[in-house]
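So, here's a batch of structures to check.
Two complexes, one shared chain (subunit A), two partners (subunit B, subunit C).
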Partner chain A sequence: MFGCTFDDQDDEERALESCKQSFMFEPRHSDFVFPSLPLGIDSKSFVSQHFGKDAKNMQFRKGTTTLAFVYEPATENDKGGIIIAVDSRASSGEYISSKSVMKILDIGDRMVATMAGGAADCQFWTRTVAKYCTLYELREKSQITVSAASKYFANVLYGYRGKGLSVGSMVAGYDKRGPQIFKVDSDGDRCQLRVCSVGSGSLNAYGILDNHYKPKMTDDEARKLGLRAIMHATFRDSGSGGVCNLCHITPTEKIRLPPFDVSKLYYEFAEELGKDIVYTPRDD
Partner chain B sequence: MSIMSYNGGTVLAMAGEECVCIATDLRFGEQMTTVATDKKKVHKVSDKVYVGLAGFSSDARTMLEKIMFRKNLYELRESRKIRPKVLGEMISNLCYQHRFGSYFTEPLVAGLDPDTHKPYICAMDTIGCIASPRDFVAVGTGQEYLLGVCESYWRENMKADELFEATAQSMLSCLERDAASGWGAVVYTITKDKVNVSTIKARMD
Partner chain C sequence: MACSFTGIAKNGPNPYSEMFAFKAAMKAAEAEPVWRTSRIIERQRWNPYSFEGGSTCAIAGENFAILASDTRLTQNDINILTRDGEKMHILNDSIVLATTGFYGDVLQLKKVLQSRLHKYRFDYRSDMSVDLCAELLSRNLYYRRFFPYYTGAVLAGIDEHGKGAVFSYDPIGCIERIAYSASGNAEPMIIPFLDCQIGHVTLSDEAEKPPLTLERATSLMKDAFRSAAEREITTGDKIHLIIAEAGKPIVQKFLPLRED
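Up next, the complex of A and B:
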């Protein structure tokens, strides 16, 4: 059928039509379902019964600081957009299981999701959303909005409400409506925010963010603010640490910045302030 | 989280040739939050005898006061300096007196015998079971990490400078993996001539 020549136009059109019918169809939703537990057993109590109350090394890796904020350029040389900053620690209880986790996950060319809560839950469901977005763009021949993507995410999570999923994600990106951030969590909650932080160190990050955030900033100022908020959160919160990963989404591109060691950053910061942080025991 | 890891903290002691090292981290936390970064868990008891108290901070402090009381009484009665082994047994006895309602702290003793300069290290559980190996002991939230690391750092008959290096490196490795300890560390190197105190730079996250 392919490669051969056609005698007249009609034959070619008919062949193309049959090609389309047999190979090109509307994307179908996967009919995959998670095997459920026998009737009467609740998935949440199943996990706590068999893996202990705060099951270690399962999907239950917690302790995170993630933040994102929208800002407008202060000068003509700045791009503005969204800054997304996260730490890189994975821990279960006091045990640090990894020091170099990438908690900014790609959804599309211009959209990312951050990861807080269960690592496996976040990775899997973000992948599901990314797939949905790709299929949407192929089908509709236009970019999906951040609003639509986050709503799909929230709907999926709502469908599994009460089953013990642990997800706290920020879907951030630039679309035809401009820069947007949506906070989505495993309770099924979804809300649009301009300044947002999620995770065990979020309150510490908010402290810095609320103090220094301005709607109009230079790019350098904005990146430094994200970095500093993460650094201070990692200092106070033992669940956060490692390096700070930054992502800057501008109206034209998505820039991933190289990781910054938060501990080095802390020492630089202390030096800047002229703060003496060297401890010397007074007696003995 | 258990009460033993409510405040966090780790203490390590290593023995060498006529010298011992005792190291402590500096974090004082309340569960996940770091409240202070200048809280050492090692205390001087006598000239060359140091005690480390990991675990619940307020119990550790009460315990230290009780230890000092008994040790002072001992030194007055005997008119001589206490030996580390004696102090270990004294603390063990104190711990066991609270067998049915123990303090949530694990004591560790490190020191040199004032006469023979023989190194002595020991650690015990909350009710006073002494473990006194010849190589190294650790107590606190980072105990498991430390024992593994020390196994590869420790060598027979280490001199004071080697011993310091081994202790400091073991401690830093432990702090990399234990979220409840860190934010700086202090190492005491006890030799027959003097005690060297050095603060080491650690990660601040």
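Up next, the complex of A and C:
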């Protein structure tokens, strides 16, 4: 009876061992290579010639304002965490090819990446990172850190450096080290920040963020700040617009808020400030 | 040895300097000859693409998807190659691909998708759903990131829940699921019209907003193409209309359009 159970355990252990050997290897690089142009023609200049600024018919979708910041709860009722706010415009040249793009892409349960620069580049490589993270979790039986995920992302992008990719992404999430944001771009740059903004409207967003950001805020204040920064960026930057998508990552969950129309937000904020938008000439 | 070499250079003029200068000048002349204008240089650059014009459009409804395209193919926007070139391809009972741009790439893209769908059918013994096909198309477009397909694709069909689905793409596979989409030369004319009529973004709150039925979508589509054909030179000849309704076979129609 006892011997039998021991044998069973041995069998199980042996099975587990063989399982580990056959399945738990480090991920290998796939053999896939992107088909390239005939020898001697540089893909970067070729692509920019046919699909770049001066291209007549076909242009890639791009243009953005994205921002993210970390804050601590001001009172006990607040959750704190990370606010990620983005606009939703994709333009190809001067034409707005979409005004409802979702620029907050999921990487895991507790992690997102934002999308700035070439839309297709971001979508594709974020998927690659998401796949890596899922495989990591299955292999290591623990959640991947934001730092590790963003490093993988940066390494992948560095591998394609100089080939004309255009990615400006923020990898934001909550892990065992707390809330973290990493800015990653297509030059292979990666840095950790508390307050961060990327894209054509980032300067305007920084203006608002730097003015009103406090390390300790209530949830409502923080969400409002995200909205306000995006609204002002879309107001002054023609490359940004549409609606404002907001994502709040708290220590326990990821909350996606419904989209806010930025042109309506303008009036709301003006009213809050007591600013009169309608010009009424003085009756002398 | 090195010492004697620098000695020569220092003492007198380098005997090779004239030769080097000549070589450099020759190279420069070869790369950018002064007698070639920038227009000729541009023309002699390798250009594998052409653009055959035309436009396509797709609208998704509650239980239907409707696609339309014109059937004109043009060369250099002016010369009409054919009046019945089909830009839309029915991939299976619930997926339709509509593509504008370089017609060679349009056909290649169709062939790639058709063979992948065939393989899927062989492996899984069922037809691929439109959501899967949309992701597949996105990835296939991106795989050619460094030598892109010169196409603007729109994929439409009926999804697993019986709802209409439209996916729009850029040339390298930026994907988005939306209610209506267009691509091609008349895109900037068709989309604002649909924004007004289907998206209701330009209407005031009091204005009447009729629901989108199949009849309404069909007539909007015809209107869109007729007005595009009035003002856009590469769009015309015939409307190719494809209607996919949940639980019904796909219907194809051809309607006449301006031929000038």
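The rule we apply is simple: the second predicted complex is superposed on the first by the 240 of 284 C-alpha atoms of A that agree within 3 Å, B and C clash if a C-alpha of one lies under 4 Å from a C-alpha of the other, contacts with A are read in each partner's own complex, and residues count from 1 in each chain.
One rule holds for everything that comes next: a contact is a pair of C-beta atoms (placed from the backbone, for glycine too) under 8 Å apart; a residue touches a chain by one contact, two chains touch by 3 or more.
In this text the structure is predicted, and so the values were computed from the model without any measurement.
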For this session: Overlay done on subunit A, so just call it for subunit B and subunit C: clash or fit.
Result: fit
Exercise. In the superposed arrangement, which partner chain does A:236 touch: subunit B (first), subunit C (second), both, or neither?
Worked result: first
For this session: For A:14, decide between first (touching subunit B), second (touching subunit C), both and neither.
Result: neither
For this session: Figure out whether A:200 sits in contact with subunit B (first) or subunit C (second), or with both, or with neither.
Result: first
Exercise. When the two structures are overlaid on chain A, which partner does A:266 contact: first (subunit B), second (subunit C), both, or neither?
Worked result: first
For this session: Check the residue A:284 against both partner chains and state whether it touches subunit B (first), subunit C (second), both, or neither.
Result: first
Problem set entry | Which superposed partner A:131 touches (first subunit B, second subunit C, both, neither) | neither
Exercise. Who does A:93 touch here: subunit B (first), subunit C (second), both, or neither?
Worked result: first
For this session: Identify the partner contact of A:46: answer first if only subunit B is touched, second if only subunit C is, both if each is, neither if none is.
Result: second
Problem set entry | Lowest C-alpha to C-alpha distance for subunit C against subunit B (Å) | 5
Problem set entry | Contact residues of subunit A, present in both the subunit B and the subunit C interface | 95
Problem set entry | Parts of subunit B lying in touch with subunit A, wherever the complex brings them together | 1, 5, 8, 26-27, 29, 32-34, 37-38, 40, 43-44, 50, 141, 176-180, 184, 186, 188, 195, 197, 199, 201, 203-205
For this session: Flag every residue of subunit A that touches subunit C in the complex, lowest number first.
Result: 32, 34-38, 41, 43, 46-47, 49-51, 56-61, 90, 92, 95, 97-98, 100-102, 118-121, 123-124, 163-165
Problem set entry | Touch list for subunit C against partner subunit A, complex | 45-47, 49, 51, 101, 138-139, 141-148, 150-152, 168, 170-176, 178, 185, 187-188
Seminar exercise, completed: Residue set of subunit A touching subunit B in the complex reads 63, 87, 89, 91, 93-96, 99, 200, 234-242, 262-263, 266-267, 277-281, 283-284
